[in-house]
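See the structures that follow.
In the two complexes that follow, subunit A is the common piece, with subunit B as its partner first and subunit C second.
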Partner chain A sequence: MSTMALAPRVVALVLLLAFLLAPQFFAPVFAPLTHNGAPPIYTQASLLDLAIAHLELVALATVGSAVVAIALGVLVTRRAGAEFLPLSRAIVNIGQTFPPVAVLAVAAPLVGFGQAPTLIALFVYGLLPIFENTLSGLQQVSAAVVESAKGAGMGGLQRLVKIELPLAAPQILEGVRLSTVIAIGTATIGSTVAAKGLGEVIIAGLLSDNTAFILQGGLVVGVMAVLIYDAMTALERIVLRRRGVRR
Partner chain B sequence: MIELENLTKRYGDVDVVSDVSMQIQPGSFTVVVGQSGSGKSTLLRMVNRLVEPTAGRVLIDGRDVASLPGPTLRRGIGYAIQGHGLFPHRTVAQNIATVPTLLGWPKAKIRARVAELLEALQLDPGQFAAKYPDELSGGEQQRVGVARALAAGPNILLMDEPFGALDPIIRVKAQDDVKAIQRRFETTILLVTHDMEEAFHLGDAIAVMSGGKLQQYGSPEDLLLRPANDYVSRLIGSSDRALRALSLKTARDAAESGDTDGLFPIAPDANLRDALAELIWRGADAAAVSGEAGTPPRRLSLRRILALGRGA
Partner chain C sequence: MATHQAAAAPPRQVGTGALARLDRLGLLLVALAAGGLASLPFLTFKANRIAAGAGKTLADTLGTAVAAAFLAVLALVAAVALLDRRPRVRLAAALLGVGAMALAVGFGAGWLTPPGDRFARVAPGGGAWLLLLALALLATDALARLGLSPLLRMAALAGAAAVTVLAFRSGLFDQLSVMREYASRADVFGREARQHLLLAGGSVAAAILIGAPLGALCALSPRIRGAVLPVLNVVQTIPSIALFGLLMGPLAWLGRTQPWAAELGIRGIGAAPALLALTLYALLPVAANTALGLGRVPATAVDAAAGMGMTRRQILARIEIPLALPVILAGVRVVLVQNIGLATIAALIGGGGLGTFVFQGVGQTAIDLVLLGAAPTVAMAFVAAVLLDAVVDALGRRPA
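Moving on, here comes the complex of A and B:
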């Protein structure tokens, strides 16, 4: 990444950290958005704690989605699992089309309020991009390459680990990145069922008609999403280059 | 020796390979020729069990290949395919080292073997070892594919249309390289192609397949002079039979003692087809074929070549 591209990201990161660590410092910026002397900065909970809880939720859900979606993608591209492809696709598609809010509504009575229903919603919602990318990544590995691996005497697992997954990795990781970003945004709705997260700030703003709260909650979520997406892209490039997949 | 015994592969109701029996001599270069759908690739892939036969068996040096686990068997048999199938995320050296690595060779031995093979295929190790496949030309990729197939020093090398993706000029060179490699390592090569020209150029023995059945299996001369059926003679083609026959003989074998004063020289290894072409081009009646060390050159005349090209 060139310095031209890096500079705005560094600035964004510094601003974000500063805001999370010392939000009161930014009070004058948000004050014009409030009326009737409402507080310009959310103080019911530490913004830093909320951000950390928010990301924990996203990380847990996305790791879960990734494990399940990649495993499914691998399974249905094996000869023995090919017949499960339509079924898996249907399940994963339903997961994506079913609105996360509806998942929350269904899950909360079953598993109680808090983190659990939010995790379920994010997990289900995050499956599709990873599954579809894993599938197309694995299917794109050239038949001649797989045939050569077989011909060289690699077993099924060796072929998968040494040849197919590394070659499909760029696409799989792209799916994971996509799911992560979607989850960072979607996790805000978790606050409707009392999951700790940045959605709390936005909802407090909506309830008390405080635009400053809504904006600061939204900004923190948005900036985190962008920065994490970029960081994952950069990390991915390093890993893939080291493994020879991308140069 | 590779023995195919009543080998059959059936998909649904169709016999893709039907009751094929043949013996492949150790150290020979055997070419299986057929059009697409003739079952030739399936036949080849049953030797290393990429395809399991429906009936019949394959013996290598008397041992049934079904007695070994597939991957273990395949590590002992070289396999090179059209479009090379090199692993794009691995360097040339890593690609070549595939089977030795699977076999757990020590690192130093692998490195030495990779260098040896690169040199044998006229690729400078210093220049090529660390390159990735997409940085190579088509011809270089093909050679690395062959090097990878030969890496663990297999006695048998199976090749499925290995030259199919190469343009004509590189192809002839690649064919000659493989032939030279075969002599050097004394490998038994079983090669599948649709190209009769290639079969005649490379094969010590040629097997013709059609509709899953073995139509004829014999030396190139056999096929040319005694085709087993109409299909074989049609496949070989009648228009240039004489030239094909000439291409199977060398100048060394055809030369006679005689006056060679003032004649242009021709290499003893040159085939008579090329020798004839050269004579026509130069408008000469005869050429001089240099003898073995210490013996005088001998004479190869146009009349002699024409006589040898006569069929029946």
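Moving on, here comes the complex of A and C:
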């Protein structure tokens, strides 16, 4: 990444960390958005704690969806799982018509309020992009490459690990990134069912009509999403380059 | 892992036993449904809305004789799922199963409710939900394998919608608790459903009006593209509840200070910020897909049209837009489905819509109320997805 592209990201990261560590320092910036002497900075809980809880939830859910979705993607592209391919495609297509709020709201009365329903909603919603990308990534691996690997005496497992997955990796990882970004945004809705996270700040702002809270909650989540997406892209490039895979 | 070893062998010759000849998807679905019915209640009964629920098995619900008949029908469906690989037959079996289940749930709820009792709540239990899931998956798989033409898909959707509406209208499900919730809110439900459609449809229409020309500009000039698309991309990362909330401030100010805005009904709370936020979310996919679609129109087609003496405007209207339409509509499909879901959030800022019931239900821990809001939302999104997919397919198949 060139310095030109890196500079604004570093600035954003420094500002984000500064805001999370010492939010009161930024009070004058948010003060004009409040009225009737309302507090400009959310102080019910530490913003840093909320951000960490938010990211923990996202990480846990996304790792879970990645493991399950990639495994399923591999399964239905093997000969043994081919019977499940048409159905799994249709499910991916239909699954996207379930809004995350609906998943969350149905899960909450069943498993109780707090982190659990949010985790379920994020996990379920995160499956789709990763599964879809794993599927198309694996299917785009050319048959000739697979055949020559077979000719070289590679078994099914070896072909998968050494040939197919590395070739499909860029697309699979794109799916993981997409899921992560969606989860970071969706986790804010979790606060409507009392999950700990940055949505709490936004909801508090909505309830007390305090634009400063809404803005700081929204900004922290938005900036985190952009930075994490970029960081994952950069990390992926480094790893793939090291393993000799070129885009 | 067994999968990898099996991958090397040709399919369906793994063994020669009877088990190997069974359809593996069918086996999974039958196991799911049978396991669910055996271990989880078919219906749950609550003496009133907040009482603890009691699980009722099939026999409790229907009586031994009817339950046996129902199980016989399900056994027939299971046999088809396990043994018959023809998609048409499997679809028919799945539909038979769904029909039988609808009757069992509807009449079962009526029989469980003491006559004249207006407080008892009967809801489908885990067993019924798993059975429905298995049947839906069986039908979905059969439909996917049938590969219906776009027109037939639309006809099937219309047929399914008509039967569903008739089933609900007939009063079959009136004793179910979700319909009890509906009965006490029938007028509000209609209003919120219309509001929901208005929010989702209106925002997508606005996004097309703004996003399509914006996308066309992006296709014309890489500089505009470099300026517009990243900004729209960032908008997408702002969490929805924050964006809804952030627009309240400026719109409240507009409504207070500008008489024309107040006359249009623009206020800080309500539909205006919701509509604006949904429009902003929808802009990126519409603009990006328009740019992509127009960019893909082959230069030879444009050259040929120019050679025939078409003006720039004619080329755009008769050549470029028609050729790019499937890609543009694919973007519209994404945002329509997305906004039908996101419109539930509007309820948080007083914008109405079906989210009203969802959040009320979450507040009261009343899952039936949540379902009253969530199920129609999912149904709307599903209909929108199937319809637009069919349209995109039909356009893509049409000889250009």
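Everything that follows uses one rule, which is that the second predicted complex is superposed on the first by the 240 of 247 C-alpha atoms of A that agree within 3 Å, B and C clash if a C-alpha of one lies under 4 Å from a C-alpha of the other, contacts with A are read in each partner's own complex, and residues count from 1 in each chain.
One rule holds in what follows: a residue touches a chain if its C-beta (ideal position, glycine included) is under 8 Å from a C-beta of that chain, and two chains touch if they have at least 3 such contacts.
In this text the structure is predicted, and so the values were computed from the model without any measurement.
Kindly classify A:Pro28 by the partners it touches after superposition: subunit B alone (first), subunit C alone (second), both, or neither?
neither
Taking the superposition on A as described, I'd like to know which of subunit B and subunit C A:Gly37 touches: first, second, both or neither.
neither
Between subunit B and subunit C, whom does A:Thr97 touch in the aligned arrangement: first, second, both, or neither?
Only subunit C; A:Thr97 stays clear of subunit B.
Let me test your reading of the model: by the given contact rule, A:Val145 touches which partner, first (subunit B), second (subunit C), both or neither?
Touch partner of A:Val145: subunit B, not subunit C.
Contact-wise, after the overlay, does A:Arg243 reach subunit B, subunit C, both or neither (first, second, both, neither)?
first
As a test of reading the superposition: which chain, subunit B or subunit C, is in touch with more residues of subunit A?
Between subunit B and subunit C, the winner on subunit A residue contacts is C.
Determine, under the contact definition given at the top, whether A:Ile163 touches first (subunit B), second (subunit C), both, or neither.
The first partner, subunit B, only.
Using the superposition on chain A as set up above, list the residues of subunit A that contact both subunit B and subunit C.
Dual-contact residues (subunit A): 155.
Going by the contact rule set out above, which residues of subunit B touch subunit A in the complex?
On the subunit B side, the touching residues are 48, 50, 70-76, 79, 81-91, 94, 98-99, 102, 132, 145, 148-149, 158.
Which residues of subunit C touch subunit A once you look at their complex with the stated criterion?
Residues of subunit C touching subunit A: 1-11, 14, 23-25, 137, 140-141, 143-145, 234, 237-243, 245-246, 248-249, 337, 340-342, 344-345, 348-349, 355, 358-359, 361-362, 365-367, 370-371, 373-374, 377-378, 381-382, 384-385, 389.
Which of the residues in subunit A end up touching subunit B in this complex?
Result: residues 142, 144-145, 147-155, 158, 163, 166-167, 243-245, 247 of subunit A touch subunit B.
For the complex, give me every residue of subunit A touching subunit C.
Of all residues in subunit A, those touching subunit C are 33, 74-75, 78-84, 86-87, 89-91, 93-94, 96-102, 105-106, 108-110, 155-157, 160, 181, 184-186, 188-189, 192-193, 199, 202-203, 205-206, 211, 214-215, 217-218, 221-222, 225-226, 229.
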